[in-house]
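Have a look at the structure below before the remarks.
Labels run A, B and C following the written order; every chain starts at residue 1.
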Amino acid sequence: MHLDAKVPGGPLEEKWDRHKKDLRLVSPANKRKFDVIIVGSGLAGASAAASLAELGYNVSCFCFQDSPRRAHSIAAQGGINAAKNYQNDGDSAWRLFHDTIKGGDFRSREGNVYRLAQVSANIIDQCVAQGVPFAREYGGLLANRSFGGAQVSRTFYARGQTGQQLLIGAYQALERQIGKGTVTMYSRHEMLELVVVNGRARGIVARDLVSGAIESFAAHTVVLGTGGYGNVFYLSTNAKGCNVTAAYRAYKKGAGFANPCFTQIHPTCIPVSGEYQSKLTLMSESLRNDGRVWVPKRAGDDRVPSQIPEAERDYYLERKYPSYGNLAPRDITSRAAKEVCDDGLGVGPGGRGVFLDFSRAIERLGEDTIRERYGNLFEMYERITNDNPYRTPMRIYPAVHYTMGGLWVDYNLMSNLPGLHVIGEANFSDHGANRLGASALMQGLADGYFILPYTIGDYLAGAKLEAVDTSHQAFREAELHASTRLDRLLGIDGTRSVDSFHKELGHILWEKCGMARDRAGLEEALRRIPELREEFWENVKVPGSAETLNQSLEKAGRVADFLEFGELMCADALVREESCGGHFRTEYQTEDGEALRNDEQFAHAAVWEYQGPGQAPARHIEPLTFEFVKLATRSYK
Amino acid sequence: MSSMKLTLKVWRQAGPNAPGALHTYVTTADEHMSFLEMLDVVNEELLGRGEEPIAFDHDCREGICGSCALMINGSPHGPRKATTACQLHMRSFKDGDTVTIEPWRASAFPVLRDLVVDRTAFDRIIAAGGFISAPTGAAQDGNAIPISKEDSDLAMDAAQCIGCGACVAACPNASAMLFTAAKVSHLGRLPQGQPERDRRVLAMVQQMDAEGFGNCTNYGECQEACPKEISVENIARMNRDLVRATLTDRGEAHAGAGAG
Amino acid sequence: MNRLLALWQSTIGKKVAMAATGIVLVLFLISHMISNVLVFENPQHLDDYGAWLRSFGPLLWVARAGLLAAVVVHILAAWQLTQLSHAARPTNYNRHTLRVSTYAARTMRWGGVLVLVFIVFHILHLTLGWVHPDFVEGAVSRNLKSGLAVKPVAVFYAVAMVFLGLHLSHGVWSVFQTLGLNHPAWNRGRRVLAIGLAVLVAGGLLTIPLAALLGLL
């Protein structure tokens, strides 16, 4: 596998500008002649589809929801980072770059991350112009809040619904192009296969989720903005439909999958309440601005929180990380919560929870200010738990939230498979081993608005692309492959439901490949997952037919992919014999329990190549070189 | 954990053109379950009996994506104010209750299967004019135009619409006025939205009418059902904008409307 | 003119037309109510009023034509919009809980029809006298008294006025909403005004058939 990152040389600050100068252009007249398929209508997909259509490309956009506006980006709460330095607190592209690369525990590319920090400012301008109602001060200027892993206030937000407002902005830009006929939207369509012709991505096969029809779509290039695979754990903060299918099918067609084991566990989610639990709800990290995390000092102390005197509380984040305190990065905060709960200090049913306490902030700022800042989050919490966080502390516990791993891409956001571009959470690019809060929205929009529109032209202008339409043999084969797979799933007619398999897989991964991992556990997982997969293909029950809207069939297809992908995650976690960011191998930690990186052996991205059914995948590496920052042990003390 | 016995009457319909009917199921639910988790359990039970599960739209299960769309005992999203079906918890029901679950009913929202309806009419209303034309890259600095906190807050209030369609479902006229008005207000409240203000309202209302939604007789049921508490004041505002736009229209607005 | 047509093209425009014509009708009713309750003070006043009206000659017909036009437009719009709304929900719910809409709002249509029937009968009754037992051209108060002496007629008048009241209690509030005359500051005021006007107009007129029924007229 050929992995050329194509990061341009020269000083960090100039790389992107220089690169833009060197990129080939497609003349306005010719853009119309290029068909671009974009799978995904989230922040990444929608912004790319709108921007490319504005440029004149002929775009088709796909999503599995009934409307592009429902892409999972809609759920993002806390905010989006940008190095605007409106607060005059010393922020800069460099600082945002440095925070991000450090937050990622030095497992991402300097060039990409710096570019991300550079374009971050344009994103805010663009969104304001679209009518995104960011929070403002009385003076009429944009407001900021601070977020985990940073010591400046650079996070822009729209109440607790930042992702919603940003997506609505991109969605409206997309709908505008749909109205003009420059984008054809295919909602309720699920991509099932990537079609490769002469070594280049030239189209997809998708299923119309209403009629069940298997349809082919040809194009000059394919863009995946299909989001993250956190649902491999079954319980996560992701929407129920989030899946790895699109990315995994591309992987099976030769695209490299990078760092699959880098998953992020978010520290502030509502704890599990019962067996029936179908998903976990995030409480935005921004709450840690004013909320203090604590547990009782005495195990089994079941007094009501207010009855527990200060002296008998352990504000363990403030104790362990004085300089960052409650704003320590996610991986660290999550693990800290796990530790106190493992020590039996956890609160609430099952002892899997810690307090997030606002009483101090309410005293200091008054209930109205708190309501103004977090009102809708508090309401959401009350709706779910029936507790009133203005009166009694929230109970929170970590949950799977984001996946840093994804399809490998170069500086141009193109995978090793020519013609396949990957944007947003679906690629592995900028967050290394741990993503800082409010930086995924930034990345998705940077990719879609400001990076892909430049780089995709370079590919289309340069590549000699022969005419290919859906009558090509490769499409027939892909269609056949897709439909036989569906028929097989329907044909098994076993006794176990898809969900029961998904839950079991999720349990294995949470226990063995979750917040803390070790060799023994991973090896066990690598034994159990294939067994589970085998049982799935013998004993799963998928009712109904493929010719109608069939949600069981949709789920079955996604879980079948998770059952293969979960194994890849564990394999990746097993080989990476170090601890970094979200990947914590208990064998590799400092005496005071912090992650112990191994830069000599593992300062690289691990890129997995599919070798065919039943074959172990091949592991390649892209070495990460750091010219501008020096690798330091991440410390938030 | 107190559990409750429930009798469900659920609309089942095999396909867009198939006949449908209410089917009765009995199940037990836990008070801490969400309404959709209760349906998950019912679906697992149906599967066990070799029956096809109940199809219903859902995704985020956090009350933000607008996918879930269930008429619960005659109220869209159920009895709890400002709460989507996915955020509704079973503690809102009690042991022995009978719960009727139906799809949204509107000719502009045809049923696809069971409780799943086609809401793409909403997308077409947005495509007609529910946007600010700001091509990527053309933007000036975000702080170049100060916006009073009040205006941006009011814009945000309207912008919170999740496009679920509960307003249409609740309205005795199956009118989409609240949804359309929310977008007209969101953009019309902001300085960036002024240049296209007239053509926007003209084009969106034109499309709204073309989709075959009913007409507003100011019942106010939509506001009551709206999970984001969008106010009918937005409807008044849209009416005002439309009259002004129509009476002052020089012709371009209508000509250009839709093309954006 | 074509702007008005453009307005009429949209559902909101039709609704605005209803509001405008509604206002005309309300204004007429206010004066009509005042002139009619004069009958209590002294029947002669009502006759004078009638005579005074007629003294306008052709102008009166203009006014009548105007009123007629208002009623026609109002009803045409009501009819068309009602058709649209019914078409918008072909299949109804097995269960539909209306949570906030008032009885008045829900009876706009049938109440309106009843008012229409009333108006038609009323003209034939007291203006043209065709359905009047002994109608004497010009003897307005006499016609009124003798006309309402017929119990069923008086009862019909009374019922019609109740529905007119309901129609206005929602209608007048609705006008503000339709014309976009709203502001949080005086949104409560709109309700008060609507109910006030409804009580005043319909209530005022209602006193007459009631009086007749109680034999006070």
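FYI, a residue touches a chain if its C-beta (ideal position, glycine included) is under 8 Å from a C-beta of that chain, and two chains touch if they have at least 3 such contacts.
Note that this is a predicted model, so its numbers are computed, not measured.
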Chain nearest the overall Cα centroid: B
Centre to centre, using CA atoms, which chain is the farthest one from chain C? A
Suppose each chain is reduced to the average of its Cα coordinates; what separation in Å results between chain A and chain B? 27
Where the centres are mean C-alpha positions, what is the separation of chain A from chain C, in Å? 62
Interchain centroid distance [CA atoms averaged], chain B/chain C, Å: 36
At which residue positions does chain B touch at least two other chains? none
Could you list, by residue number, the parts of chain B that touch chain C in their complex? 9, 22, 71, 73-75, 100, 102, 105-108, 170, 172-175, 205-206, 208-209, 212-221, 223-225, 232-233, 235-243, 246-247, 249, 254
Touching residues of chain A toward chain B in the complex: what are they? 47, 50-51, 54, 65-70, 72, 74-75, 84, 86, 122, 124-131, 133-142, 158-159, 161, 164-165, 168, 171-173, 175-176, 178-180, 185, 187, 210, 239-241, 273-274, 276-279, 281-282, 379-380, 383-384, 386, 449-450, 453, 497, 499-500, 541, 543-544, 548-549, 551-552
Residues of chain B touching chain A in their complex? 1, 14-16, 30, 32-34, 36-38, 40-41, 44, 47-48, 50-53, 55, 57-67, 80, 82-83, 87, 89, 91, 112-113, 116, 118-120, 122-123, 126-143, 145-149, 152-153, 155-156, 159-160, 162-163, 186-187, 190, 192-193, 258-260
In the complex formed with chain B, which residues of chain C make contact? 3, 6-7, 10-16, 81, 84-101, 105-106, 108, 170, 173-174, 176-182, 184, 187
